[in-house]
Amino acid sequence: MELDVSFWLTQFLNGLANAMVLFLIASGLTILLGVLGVLNLAHGSFYMLGAFLIFSSSIIKNPSWFWVGLLLAPLVVAGFGTIIEAFCLRPLYGRERLYTLLLTYGFTLILDDLVLLIWGRDYKSVPIPALFEGRLTIGDFSYPVYFLFIIAVGPLLGVFLWFILNKTNFGKLIRAAATDSEMLDALGVNVNRVFTGVFALGAWLASLGGILAAPMRSVEPGMGVEIIIESFIVVIIGGMGSYLGAFVGAVLIGMLKAFGIEILENFAMIFIYALVLPILILRPRGLFGETTI
Amino acid sequence: MATTPVLETKALTKSFGSLLAVNEVDFQVPVGELCAVIGPNGAGKTTFFNLISGRLEPTSGGVFFEGEDITGYPPHAVVKKGVGRSFQITNIFPRLSVLDNVRIAVLARRGKTLDMFSPIEKHTEEQEEALSILGEVELGHKAHHPTTKLGHGERRNLELGITLALEPRLILLDEPTAGMSIEETSSTIELVKKISADKTVVFTEHDMSVVFSIADRISVLHQGSIIAEGTPDEIRNDDLVRLAYLGEEV
Amino acid sequence: MESTSGKKLLSRLMERIPNRFGVTVLLALAVLAPFLVQNDYYIQLCTEILIASLLAISLNFLIGFTGLVSLGHAVYLGVGAYAFALLTKNVYPSMWAGLIAAGASCALLAWFMGVFCVRLAGLYFAMLTLAFSQVVYTVAYYWRDVTGGDDGMLGIPKPEIGIPGAFSISLESFTNFYYFVLIIVTALIFLAWKIANSPFGRVLQAIRENPERVEFIGLPVHRYKLYAFIIAGTLGGFAGGLYSTFQGYISPDLLYWTQSGEIVLMTILGGMYSFLGPAFGAGMLLFIRDTVLNFMEYWRIVVGGILVLLVLFLPGGILGFFEEWASRLSIGGNDGDDTRS
Amino acid sequence: MILSVEKINTFYGDSHILFDVDMSIAEGEVVSLLGRNGAGKTTTLRSIMGLTPPREGSVCWLGEEVQRLKPHEIARKGVGFVPEDRRIFSRLSVEENLEIGAFKLEGPSGWTLERIYGLFPKLEQLKAHKGNELSGGEQQMLAIARALMGAPRLVLLDEPSEGLAPAIVKDVGEMIGTLRDEGIAVLLVEQNTRFACRLSDRVYIIDNGRVRFGGTVAQLEADEELKSRYLAV
Amino acid sequence: MSGLGKKMFVAAVMSLAIASYGASTSFAAKTIKIGVLSPLTGLYSIVGKRTSQGINMAVKEINDAGGVLGHKFEALIRDSETNPASSVRTARRLILRDKVFALLGPLHGGAAIAVLQESKKLKTMNFPWAATEEINTKFCSRYTWRVGSSAQQTSRAGAVIAHRLGLKKWATISSDFSYGRSVVRQFWNYLKERDPGAKRPYAAWPKLGENDYSAYINKMQKAKPDAIFVGLFGADLIKFMKQARSFGMYEKVKIFTDFGGNHVVLKALGDQAPFGHWASSRYLHNYPVSAGNKRFVDNFRKAYNVYPDMTAGEAYSTVHVIAESIRRAGAVDKEKAIDAMGGVAFNSPEGWIIMRPSDHQGWQSSFWGVISKSKKYPFPILSNIQVISPVEGSHPDESTGQGCRK
């Protein structure tokens, strides 16, 4: 019996750790959808860029590499996102939404090859930062510290996002832009800059997800394509524009994956869609969706 | 009343959250009448039309068309019953030609829109009819233009043409002359009069001179309730109406 | 000076050439293609382009015609392909039976999915179609006993056509198969074109323009959207059946969401507001990719770059752009019916 | 003149809406723009604000051409905008809505939250409420207050009386009076002619996208033909 | 953009397409072209890279030695995209348009099966990289061959070691696709055959490309096995290893990985590699310590500044085997070369490879070793290498290769 408790607890934490990485990517995706109405397929590429940049910083043989990378890499990616938004996405806002979909798809192709050009093709592995090596052991129960770190970072970033959105001027502008960007413009706010800021924030979050995931996963081109569809499902479940929804959706997916394999090991994916379809059919706005896109 | 009214609402109510947009409205339109619903902006005229035409579902109360309960019917079913409607904000098919805008309505009325295999031009009867309706609304010469080339008044007329093509027994017109020039307004009024000769028409209108000159009967809607009903003369001399609507210090 | 008179000449030329002329040229090119390319590889590339054209046009029934952006259209490619393969391999090796199975299974599937999907609009519609297609993908991937799972299905036949006992034509040769596909695809595209220009097709365009007004001319919009959904699915299913016999091998990749994205890409690339635009986009995409992939290692950068540039500078799609260009040249000459509809 | 509009032509897509519209507003003046539904009143405001920039003609702010500027740049020059449907940010509280109005300012202005709450005590009571919890009149009040927070020299007011109960329309009239007292110029778009005339120094009438009349209220009152032709109430 | 600008842009795109189209149609006289399908982009691009390097090196060696029967070799290397549709399209292009003599690749099992069907139809010999043993059995044909070890050879060899070590209670994990299933099936069946007492309380089948194995690892721990057999491939293996390590699996159980001895994997894992655990590789740069292998490694390093990995070694040998078959046939003729292929022997860097006529599989030894730190190399290597003879590793009788005569 003792053993079972630790098994289920471990499975629960596994689901949570998985969920937190998803949350980071999905939260950016959902805010982007809520404010800009853009389904950014290149979002997965930002996740990938984050992972590649942390790989580069892991080459520095100094224990502080992880923190340097954690701080700098998302800024680099956010800057890159800024450029894409300002020069390529901005001209498209007045047109049909489909075009932004195509444009960001084009960028996923470009970025996948770009990382090959820059970083080469070798398999890449990012070590776990020294501080989080090892396991936390309590009696029978033993769990990797790094996973616990990821689980802790997720809610922290959730609170951070809540703070940004609700307590800062930038957050007010984001919420205002989500309701009526034209009015915001007419009130003297450079909405384009708000949009760019939102895009950069999304890129920042996604790359952070990539950084956190890198020591646990592999770093490879195409890793963005894998993650984007799952984050997209999270957004659907949570509701477009709702970061709280993204959090709940991510936890749901994480749990389904962790516990789904107990029931129907090979068909765990089916559970996820078994959840998504009725939600979309009965509550197309998702669990927490409020804004109309 | 001896005959069944064409349209009747019974205690029709619609609330949006705490706002009572339409409040227990009892309303009757006898056959053949040209009836105006007036009221200040936000009085609930458009909501009232939306309830009748099925765009909105009432919170409570009922809508009866020719005695039949049509409460909660979807718009297309209401139209099929014989209620046509035009909109306050011009509501046409922008990227179709002027002819197609009307032709579709004619085809829809005649139940030919499920024809998937014969070219639309081969439906000559419908085409003729559409053209003649366009003639009625003075757009005959522009049948093959894209709607983007129409002026504001012409679009309003096209809107009306689409509604006419449905050959409804009851027509709901939401501000048919909104934004029209004086010339356009007078020709549209003539048109409405002509239509009302053999149809029942309910319309809303801003332009009081239009209302008082053509309506058989006027109902005044104020904050969701009907506060007065009667002939134009009765309404003109109603103190309550003057106070609520025609102006604070008339 | 010179350029203006040249423009005038061109514009007069454009007026004189009715749409039918372009289609005739296109058809003639298609018929002669095997002789023009002189290489089995290009014949089969043309075959693939034909099938992709049908697929893109079928999707455009939703995107361009009815204004419904489906992100799950690969589901018909896949289900049609599996239906063809299962029937011809396990039950009865007949081309016609296989194609009918492909179309019919997709019609049924579209009907089922459509009932749920058409009630939603915009991004929500897109997401539901995507979710449905992913479900089917997952089923195909894991249901190994029937679909072969990730290994896919091998040895899908190209059954002979003809009248049993009287005559038969083998489709094993690239050229024969090309002509077979050309006939089927042309017939189906012609059918789609008929539908597009019928009263029903015009209602779909009206729904794209203003669904609410369609409701107010007395037509149940959901039901019309459902019919459009079924038509698009069925045509897509035929494309899937053809693809199945063309490749001789199918795998769940056909159903994956990236495949759906590619079909959307073809449609937009060619121009969703022109009838043949999507077919043109299909041809362009396959041709560009085939070319670039074979000449550079980092071909995705090139394809991605072309895509980005096209979206930024040719928003109407390639064919859409040329049509607009042509119509701008002939402005004043032809103020009549909008032929682009 | 604080604002002068010269021969602007504005289009929505292919539709030509405004034809050679001329108009001017002096410092501190209240000017009404009257006309029927669809006459082009809102489009005129949108053209001035840069939301639907005119294709031809010029919009001059203090002698500088601004018709090519972005809406936020025009707003920053001192133009406040109160649109027809108020367009309150529904997910923001009343106070946040007001703060957004002041974001365009580089430094502090005379318009502080305290001063606004002094003028509109109702808003102080409601300050924690979300925008979508307000009534129509409260929204109108907030929309005007929001514009004031940006310390404008000119406020574009689009149909402030629309859909409001008479008692509240009176309040709106008082608000416009407040603006005038503060020395802020107002361009008022109205269908309620009587209401507009009572508040204005000068009046323009627009019909079918063309300016048909420009003059004082007295001139308009005197011209019955004009009134019945274009306003016809 | 002005109208003219747009037009010029369109013209530029078109002419680019047309120009590049014409560019490659030049043929050198008397060349033997081999078409190569490898994943150059996406998840498995490293395999594509090393494969290309191995092939280019072999081609260069052959050409430097004067070619084969007076013909030079030329390799046309194309991206297979890990996608069956794209692989088949490119395979047809290589065979029909570029008229290649032989087709190598692709890697992905499903794509490989699709391509080998195509090459059979178009009568061109095909050497898939995919290692699933079904290529030698139910999907085999006259035109399908493989030089590198099959999953069967290495897995069965792994079972031999496992049996020797007396490990009884097992858990297995492998991706749910043909190669993944094949590896585990061969290992487990052979182990059961040798040791009927072996038990397997848990077999995990995550999807290909799974990111998070922690839920599976937890279930494995619950099953309390003595050892686990890992059939995961490429980046999946790296992800699994890192996660298994953080859960303490390295200390709790013996780990056997079929793919884990590959140099690129060990190099990537670095300090996080499962030291002391067993792994195999179809080619090793540090074993056998022969002059041939040393020469190959040195030349490879000189040319590309990296160590050759398993796929490089396989690709290199495959080209040489093709050359050898042409020499044996005495004519540059596809069918004659195939007739001569059975029995071709090539002294590869890893030792002799003999092409077995029955199932078209290259007979060779399999290597398993213990993952260790090395003083000589800056990355982990396999040491304590166990060489399992092909007699033990390959199919016991010829009946399984029945498809190959079709």
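As written, the chains take the letters A, B, C, D and E, and residue 1 is the first residue of each chain.
Keep this in mind: a residue touches a chain if its C-beta (ideal position, glycine included) is under 8 Å from a C-beta of that chain, and two chains touch if they have at least 3 such contacts.
Everything quoted here is computed from the prediction, not taken from an experiment.
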Worksheet item: How many hops, at fewest, get you from chain A to chain E via touching chains?
Response: 1
Discussion item. Once the contact rule is applied, which chains count as partners of both chain B and chain E?
Written reply: C
Practice prompt. Compare the CA centroid of chain B with every other chain's and tell me the farthest one.
Written response: E
Response to the item:
Of A-C and B-D, the pair with more C-beta contacts is A-C
Worksheet item: At what distance in angstrom does the C-alpha mean of chain E lie from that of chain C?
Response: 37
Item to complete: Could you please state the distance in Å, as a whole number, between where the Cα atoms of chain A are centred and where those of chain D are centred?
Response: 43
Discussion item. Just the number, please: Cα centre separation of chain A and chain B in whole Å.
Written reply: 50
Discussion item. Two or more other chains touching the same residue: where does that happen in chain C?
Written reply: 142, 298-300, 306
Item to complete: Would you please name all pairs of chains that touch?
Response: A-C, A-D, A-E, B-C, B-D, C-E
Response to the item:
Residue positions on chain B within touch of chain D in the complex are 40-42, 148-149, 151-153, 175, 178-182, 206-209, 223, 244, 247-248
Discussion item. Applying the document's contact rule, which stretches of chain E touch chain A when the two form their complex?
Written reply: 41-43, 45-46, 48-49, 176, 204-205, 207, 209, 211-212, 214-216, 218-219, 221-222, 234-236, 238-239, 242-243, 246-248, 264-265, 267-272
Worksheet item: What part of chain A is in contact with chain D in the complex they form?
Response: 169, 172-173, 175-176, 178-180, 182-191, 290-291
Worksheet item: Inside the complex, what are the residues of chain C that reach chain A?
Response: 63, 69, 116, 120, 122-124, 127-128, 130-132, 134-135, 138-139, 142, 257-258, 261, 264-265, 268, 298-301, 303-308, 311-312, 315
Item to complete: Write out the stretch or stretches of chain A touching chain C in their complex.
Response: 33, 37, 39, 41, 88, 91-92, 95, 97-99, 101-103, 105-110, 112-114, 116-117, 225, 229, 232-233, 236, 240, 266-267, 269-270, 273, 276-277, 280-281, 284-285, 293
